[in-house]
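Beneath this line is the structure, given in structure tokens, with notes to follow.
As written, the chains take the letters A, B, C and D, and residue 1 is the first residue of each chain.
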């Protein structure tokens, strides 16, 4: 898709989302889900940027999210820094860790990167729960149960009336999506497409794979960590239970539904996935089964997700050139 | 199969709003429990108790003449936003008049459900939940804990270990716990107690869930030859593998499993093999013989319905529903949440074994008519041998020296 | 002290043999088809559950029969999973990500189906050997020895298959040089499916072998997946011999770290060693680029 | 025996062959010349079912084989010998040869062909258990050809057999090609560095920018100044 079409699609999506509180503003439960949708849409878009565009099989997305959330909560609690600044510092810290992880691992090949980044995810839980974690204020196995709520210009956002926070998150999500769009359509984006086609070809063009990969790693870790911060100050409590398989799978499903490498598919995917997940919840244990079956079927019949489907339906060029 | 599932799905979706519309004269009861993921089995235990109480009330004509309608919510793995979502859904959206959870998030639940007014019953058994409660007792007045904290339970375990009619060959203890809030709470309390009594805690290990190769730890245990080994990992797989590997070359140690004895699989999988293991259940119905005739009747009824003895949590969750129902009867209006909460807090509830009284932190402290029951596996079944506090032997049941101890 | 260290070494050896069996299957699929199978752990549980069902049948009373019946079931299952789910993706862009996604979906589906069908409670299988060797402070159970030899036997059998059968050789050929394999007329698609099927059998057999010691639970496969994954990367993805060495190194490492530093450290040390290895040798111990 | 009519082939979006038509008669040696990167290898690969996007008509003994996979074609007797050899590096010489006889039609002749191959390349007989990756360039080339012969092929497409060979071995390659042809195997060879092979050719084709720019006998080619200068080095 060209950037005009993506921008148009983004505008449509965000406009629709922006008017949702008119219908659901009175229902906290739904507003809460919508806020989570906004948060996941950014996290999933970042993951898509890494996996779909840069072609790096990073599995550390949830880990970076959790790091950011803990970092922001701890900074605001221990140094008295207002949450609105803490989230950015948390983003910076996460980006720093992202670079530290990226330095050794971006030299590796696909499945190895997946493993190393997933290793970060696996190690994070014992670290947060253990002595190191307790020393930096993670609350160990208990987690953090009282995190300062977000305050801007003296206004405190509370979970009891989620509509203001929804618009704050919407603003953040819009800014993030624009950043991602700029990256995709900039020199970086071109470089990644070249890298994906062929490492040698890219080398001829003078694209340093490593530098670009590290940059995208840092950027997405920053955004993901920052979203973690916003999550922490919204929900008000944290525990290592977020590192369970559930969130990881949900994000993966978002990408499947939205389409890998099909920004802004991840945003659409986030809303659809969370909605389906909620609608399926009366099924109890049949919910994850249905989810699993859905992923399998969607990957087969809708390989590029919803956006891929749109592209196929509306594109002028024939999809497949056969000779 | 897939087709059937699809039809089921559509039906479920279609019926959901429909039932909500028609069922005007029911009282909705929220039941947030783990229905998927690693905590499913504990979720089932609570559900059995809750379901039994609701059915009992409904067949007896309902509460204030209205039928109770349970609304389930899958809390999955208790991620913070999931817990919050449950509260917003049940209390905010469905507007239930009480919530019955089991393990519900170790303090996260207090914050999530404290925002609302519907009486909330949890089985967190955790000091962190109490700490959150203490921050704002007025806001959280609808929160009720059905069991005592891990600290007090561990204290009780220690009391009983010291009261056993058995002479320890030495004063060395080994503590192995899971690296979660519950495990560390119990482990730390036990260590403190052992040290105060002049014991040596020769080893205090935190292990991650999923550990099933105990070789390295057992190697050290065999060198230490402790008089007591306490294992606190509430997951059958870990504790059974530990026991089996321990039994290959046992030391002369009392094996105390604390709350980890209660996953039903432990006894069901091992049967008589598990004979000798010690454990405890807070807010428990002692088995196989209940303390009062009413309690015995309850026990029998539970066994008829579900086909096995009650597991940890079943009776507590059942009593939570009954306590709330009794308060609603007294207040006369299920919608007056504050009055119902106040009633429960001040009056308590008269259950099968006697009075339930919540303390000022809304915790059902162990003792009185509802003590912690301490069990030993004998003949392949959990047998109550002690109750605590106060520490006293239970009826005519007696501690048996485990078969692996050579004296 | 001596006995203690002997204990630790034995524990490491037994773990290592089991890990080896698990890792060989995973490294094989990756080596041959470059596909990463996220449902690998679920196949482990599947093996256990199949054995559980088979033991429920009246005419089945020993492990030999169970292995004999479970192997073809797993083989056919694995073959069809590859043919129906993985093979169609191979032609697409980003197929590696899509294979990961579809197998993750499959894992979700299988694990939760196990939970619905068999319940969330663990299932156990009868022990296949009782008793043990005893001598003073030393004890070695027959069961552990049995697991060790069956695992090693399974790997040797598999090695024999790779070196001495036509299908085995074609599997190696595709792994070493897919273009060359195509030139000599080896049907790649078939080999991909066959490897997938074989690895399913291996991990499923591992599930049966270990179920009597560690039980079967619906989500129990994830640990296995992570361990197998670490070991394959450590040994070099696609290198079977590397996987073998890595499995025993990891087994020993776990045993010694758990014994000396404590169980919570095993995972951290394991990943630290893995990261250091990959920083020095990005292709793993014996892996090759390309 | 092999007849191509208006064959087009693509790699991804890159159109490599444009309306290529050529014919190889039974028992012939046909040599294809042309600048590097203009699609000579692609012609061979297209015949042998190693290129995915092929259109046009390819016939083998009158039968339409367009779009068939390599496993079918090898079974029918059509084998490709790659310029970069494509051996199995971690396998022994013997294993490489055995895999050469993978196709169903070749299995029965495995023993017989093995003897034949060893007669043709006595060096390989001595090094049966050596790993392919440890062989010298010349030996590896021999092994690649030998592996191709193991398939019991009636038609061999040999891609630049001189690539990576020391000059003193070129004579030997030409000799072997002649011997193979002498056994009744039809050959299509891409080669321009060994004049001795061009000497053997019954027909010459020249491929430039994906099109056949010349077709004819050796003598015709010698009459063509452009060709003489550029490809035949005379």
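Operating definition for what follows: contacts are C-beta pairs under 8 Å (C-beta built on N, C-alpha and C of every residue); 3 or more make two chains touch, one makes a residue touch a chain.
Just so it is clear, the model here is predicted, and its values are computed rather than measured.
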Item checked: Innermost chain by mean C-alpha position -> C
Note to self: Among the chains here, which has the CA centroid at the largest distance from chain B's centroid?
What the structure shows: D
Notebook entry, point to check: With respect to inter-chain C-beta contacts, which pair, C-D or A-B, contains the greater number?
Noted result: A-B
Item checked: Centre-to-centre distance between chain D and chain C (centres being mean Cα positions), rounded to whole Å -> 42
Checklist line | Whole-Å gap between the CA centroids of chain B and chain D | finding: 76
Notebook entry, point to check: If you average the Cα atoms of chain B and of chain C to get two centres, how far apart are those centres in Å?
Noted result: 36
Check: Could you say which residues in chain A touch two or more other chains, in rising order?
Finding: 126, 130, 245, 285-286, 288-289, 293
Check: Residues of chain C touching 2+ other chains?
Finding: 112, 115, 219, 264, 267
Item checked: Residues of chain D engaged with two or more neighbouring chains -> none
Next item on the list: Using the touch rule from the top, collect the residues of chain C that touch chain B in their complex.
Entry: 4, 7-8, 10-11, 14-15, 112, 115, 120-122, 124, 132, 137, 139, 141, 213-215, 217, 219-220, 223, 254-259, 262-264, 267
Next item on the list: Sort out for me which residues of chain D touch chain C in the complex.
Entry: 48, 50, 69-71, 73-75, 79-82, 85-91, 95, 98-100, 102-103, 147, 151
Checklist line | For the chain C and chain A complex, residues of the former touching the latter | finding: 30, 34, 36, 85, 88-89, 92-94, 96-98, 100-102, 104-113, 115-116, 219, 222, 226, 229-230, 233, 237, 264, 267-268, 271, 274-275, 278-279, 282-284, 289
Item checked: chain A residues touching chain C - in the complex, by the definition given at the top -> 51-52, 55, 57, 104-105, 107-112, 114-116, 118-119, 122-123, 126-127, 130, 245, 249, 252-253, 255-256, 260-261, 285-286, 288-289, 291-296, 299-300, 303
Note to self: Help me check something: in the complex, which residues belonging to chain C touch chain D?
What the structure shows: 166, 169-170, 172-173, 176-177, 179-187
